[in-house]
Amino acid sequence: MNPSGIQLFLKQNFDIQTVMPLIVVAATALLVLLLEATIRGKSRTFLTAVSLVGLGVALLLTLFNFPGAKQSSFYGMVRTDAFAQFFTVIALAAGSLTLLLSANYLPKIKSDTGEFHALVLLAVCGMILMAIGNDLIVLFLGIETMSIAMYILCGIRVDAEKSNESSLKYLLLGAFASAFLLFGIALIYGATGTTNIEALINSGGVLYGISGIKEYQWDTGAYQFAETAAQYFFILGVAFVFLGFAFKIGAVPFHMWTPDVYQGAPTSVTGFMAVGVKAAAFAALIRVFLGIVDFGDLYSSNAIAYQPLMDLKDVLLGVIWLVAVLTMTLGNLSALIQTNLKRMLAFSSIAHAGYALVGVSVALRLSGDDRDAAVGAVMFYLLAYMFMNLGAFGVVIMMNRGNDEGEHLHDYNGLASYRPLVAAAMAVFMFSLAGIPPTAGFVGKFYIFSAAVSAGTVEGYGLYFYSLAIIGVLNSIISVYYYLYPLRNMYFVSAEREHKVELRPLMSASILISTIFVLWIGVMPKGFLSRALEGAKALFFG
Amino acid sequence: MHGIFTLLATSTHVESLDGDWLWALIKAIAFVGIFLTIVPVMTWVERRGSAFIQDRVGPNRITVFGIKNAGLLFPMADGLKFLFKEDFLPEKAEKILYTLAPMMIMIPAFIVYAVVPFSSPIMHESVADDGAITRYIFSIQIAPNLGVGLLFVFAIASLGTYGIIVGGWSGGSKYSFLGSMRACAQMISYEIPLTLSVIGILMVYQTLSLQGMVAHQTGGGLLGISWLPHWGIFVQPLGFILFLVCAFAETNRAPFDVVESDSELVAGFHTDYSGFKFALFFMAEYASMVTMSALIVILFFGGWHIPIITPENPGSYLIDWFRGFDMSLLWASILTTVIHFAVFMAKTGFFLWLFIWVRWTLPRFRYDQLQALGWKVLLPLGLVNVAITALLLLFYGM
Amino acid sequence: MISLESYIPALAFLAEAAADAVKTGASEMNFGAGDFFFYLFAVIAVFSAFMVVTAESPISSALFLVVTFFAMAAIYALLSAHFLAVIQVLVYAGAIMVLFLFVIMLLDLRKEELIEKRHWLLGAVGFVVGIALVVLMVASFRLSQNVEVAVKSGTDQEAPDAAKFPAIQESADQIDGSRIEAARFGTTRRVSKHLFREYLFPFEVASLLLLVGIIGVVVISRRRRRRRPPGEVIDEEGAS
């Protein structure tokens, strides 16, 4: 091959452009590691700056120089469509806000090392991989890259027993979930002969494993489609993959790890985990599930042989329905009785995963524009959730006085009297989390529940989705109680003593950005929603 | 291309006898036999050689009918002693593993020979009426068709570690346990640069088969000098140095013999062993030395290839020369094979002597120095070697 | 809608498939040398895998795991995946298990010290899951036999609705082609072609994953040495 031929070959099959944000973030991580080893300064603020520049460059590349519509590269391993773009932005923004929050927090908990920054960046890499991954292998590698970085970030607090416990719990349970995920992927591969999501979707699962097998009928001399074991493998594989994802998003009944892990981890990591990991896991979940279970009438001619496969979608719908309801309800009810704000936010994040699952469950039933709207609602919700939740965690970090002090609800007593701005920001986040207008949380919930209602109009599914919407709204009402509880403390209870709350520039900037976005999305959601809808449209092939 | 391979390429049919189980078995027994005899010879060379280097007389006390034989009978005495000594089982030992350990180290040391090409293949031809030439080929190699040759060597060689750590652990003694811990860490550390050092040469040879590598090195005219063969050492000098150093470390020979450093650990991982079990450990050490020497010869010194005989010196092939005396191909190739085998053994012998030479010349590394050398010097150098090779291949072609 | 009933025939089918596989397996067993070695190594692999979980001493467990890996490698080699076989030995048996043994010996775990009585329910669940996996495995035998049938009977006859299943013809061709390629697919050259073309991206990403792991080990193992009085400047010299 001549040089120009090689270049063409590379350009066609290994388009570096498609993974540029990923490369920038990974390179920044390496640079930070090298700087950490070579520069002996006391302050790690410099490293924060370097990391932020890297993330910023990646963000700009993603926003303005993304390869765009439906482009897949690396032999179909990655796919850089608007959907990937949307979640890449969420990952990068979550990483940036986390680093901003950590800049002043890390010295407080005595874990101010360069590795922290590198690990956050590498976790962002994993999230980007989950957003752009178009192959189960890439998705798995992305999940693992993110998860392993997270296990370590949870345990980065040098001598804190709780941090160690958090890390170990997360590691053991996460490894278990990963094993299920991998086993599921193996089964899907065994059944269909491919791990590529696009191939799985385009063929509707009609790969040789599932339906290409014609059994020779000795008596009639004709070929008949055999009822194959492969479809059961496929179903089992889908079930295992769902189980793995359910763990990552912390859905009931795989939520047990969440409170302890969230509480033990450094607060900025907790925030990062609650928004970044969840968003990335949802990105992968949506990409995998909304396509590959859609068999339509592909098998109608052999309806008897493929009945289980055709039922799969309904079964999955039912499962996700149940999981969504349980997740919302259990998360909210447990959050009600918490006295530690960090733990409360942990439970609330379970509930929020439930709300997002409502959207996924709805999208499974709908088709066409309605489906895009449902998926768009989930994406929009995750974006809004990122800002409000990271903002809330930002305030928790700001109130932190070393160790675990300052996390209890009564630490917020009378905050409004001596730190009115911080209290106001917290109020915005809490309103948003509770879903009260004019905040981002309200709009997000509105879209999701209206998608559920519109799915209720589908013949035969009324009870299903109306009930889902009603349960969701009831849950939101429950959540108002515990979200407004800190507000009551801040505004209506007088402080026994004023806590020292430092307004450090980077941290304040992070909270300010979050506040602005929560209000912006709440007041003018249209631009954000249209990007989300664009992403949802790009998701469905053909 | 070497004359032998040209002959193969011009045949109408080539029939190989290599798939035959029986022949493989015979070859296996023959080669293991040869290398089992090398071990006693090596012990003699080691003793006399060390004496020579240290300006001593060395072992010379056994005389047969009054004839002094330069200690040649010592290995035999050793063997008898090993056989008749008590097979002692320490009290705290884990019996099964204690017994298995010497085998665990011995078996991999010999399995490796399966892919070593000891010489050029023997050939026989028959010409049919229509002029089609069928040539039969018989490799002097136990498993010539294993495409993963070199990887197989590394895979099997890496298993020798089990014998060492199990042997050290199962005896229940601290000295041997420490020795085995050291051995384990050392072998793992040096396996990485060892593997890295051959990646460059793999990139040049474009094959993993050891016979293929030898074939590649039989070409001549390197750097425009007609007699200079394409030997690995000229193509990959840095790779050779790395491989040589790592080979010493992998065989736990001086200056890397911290594993059994007599002054600290009595005898390292096999302190508790006696009798024939100890003999197995002892033999395995020499067997792995032979393996490493053979590998060095194959990878970097052209295997059985005789330097001057290259395509650039026409008519220099032994096989053609012999055939010029009106010999049949079978006899000509047998003679050639024998000469090539001798050449291979001579080259291997030189490196075996080098092992001994170095052992009695250089002092031992300290353990931290050893690890530092492995990780901070050899590993980066190995990476550099791979990078340079890749760049050269990219810009200047093969 | 969801109907549990549709799964009852499914289970019945799996049971039937299992019975079928056993039957055909017994009658059509054509015992060649390759088969002999396959069954030999399969038995070794299963037996030593069993021993891994039942052996009392962790060292024996680890060594049995090595044997399992070996037997697996041998089976790979029998399937003409030579490269995979060698890598299996080189990486798992030669490197990873050595480290396992290393750690076990350093901790000096002579006998399993903490054997707790497990709840019977756990045992029951394990049993059920085990049986389910066996059924899966047997069903997969059945699946592969179906493929055999498709290949043996050829593809000259058109399937009733082939237009609707464009992938079928292709897949049958694939199977035929793969038979021819089978002898060569496991060579180093072939594997590396796949690895550095189709799977280049995952391959590179895996290195990122390993990097994360390495950083993690450094961060976590360094923490123990950090128990110093607060305020003291942290010495950035790593392990040396």
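Letters A, B and C mark the chains as written, and numbering starts fresh at 1 in each.
Criterion: a contact is a pair of C-beta atoms (placed from the backbone, for glycine too) under 8 Å apart; a residue touches a chain by one contact, two chains touch by 3 or more.
Nothing here was measured: the structure is a model prediction, and the numbers come from that model.
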| item | value |
| --- | --- |
| Centroid-based (C-alpha) most distant chain relative to chain C | B |
| Most centrally placed chain - per-chain CA mean versus overall CA mean | C |
| By count of C-beta pairs in contact, the leading pair of chains | A-C |
| Gap in Å, rounded to a whole number, between the CA centres of chain C and chain A | 29 |
| Centroid spacing, where centroids are CA-atom means, of chain A and chain B in whole angstrom | 55 |
| Distance between chain centroids, defined by C-alpha means - chain B, chain C (Å) | 34 |
| Shared-contact residues (touching 2 or more other chains) in chain B | none |
| Residues on chain C engaged by chain B in the complex (per definition of touch) | 57, 59-60, 63, 66, 82-83, 85-87, 89-90, 93-95, 98-99, 101-102, 105-106, 187-188, 240 |
| Touching residues (chain side chain C, partner chain A) in the complex | 1-3, 6-7, 10, 13-14, 17, 136, 139-140, 142-143, 146-147, 149-150, 153, 157, 159-161, 164-165, 167-168, 170-172, 174-175, 197-202, 205-206, 208-209, 211-213, 215-216, 218-220, 223, 226-227, 230, 233, 236 |
| Contact set on chain B toward chain C in their complex | 94, 97, 146-148, 151-152, 154-156, 158-159, 161-162, 165-166, 169, 177, 180-181, 184-185, 187-188, 191, 208, 372 |
| Residues of chain A that touch chain C when the two form their complex | 13-14, 19, 26, 33, 37, 40, 42, 74-75, 77-78, 110, 113, 115, 118-119, 122, 125-126, 129, 135, 137-138, 141-142, 144-145, 148-149, 151-152, 155-156, 158-159, 167, 190, 193, 203, 206-209, 211-216, 222-223, 225-230, 232-233, 236, 298, 301, 307-308, 311, 314-315, 318, 460 |
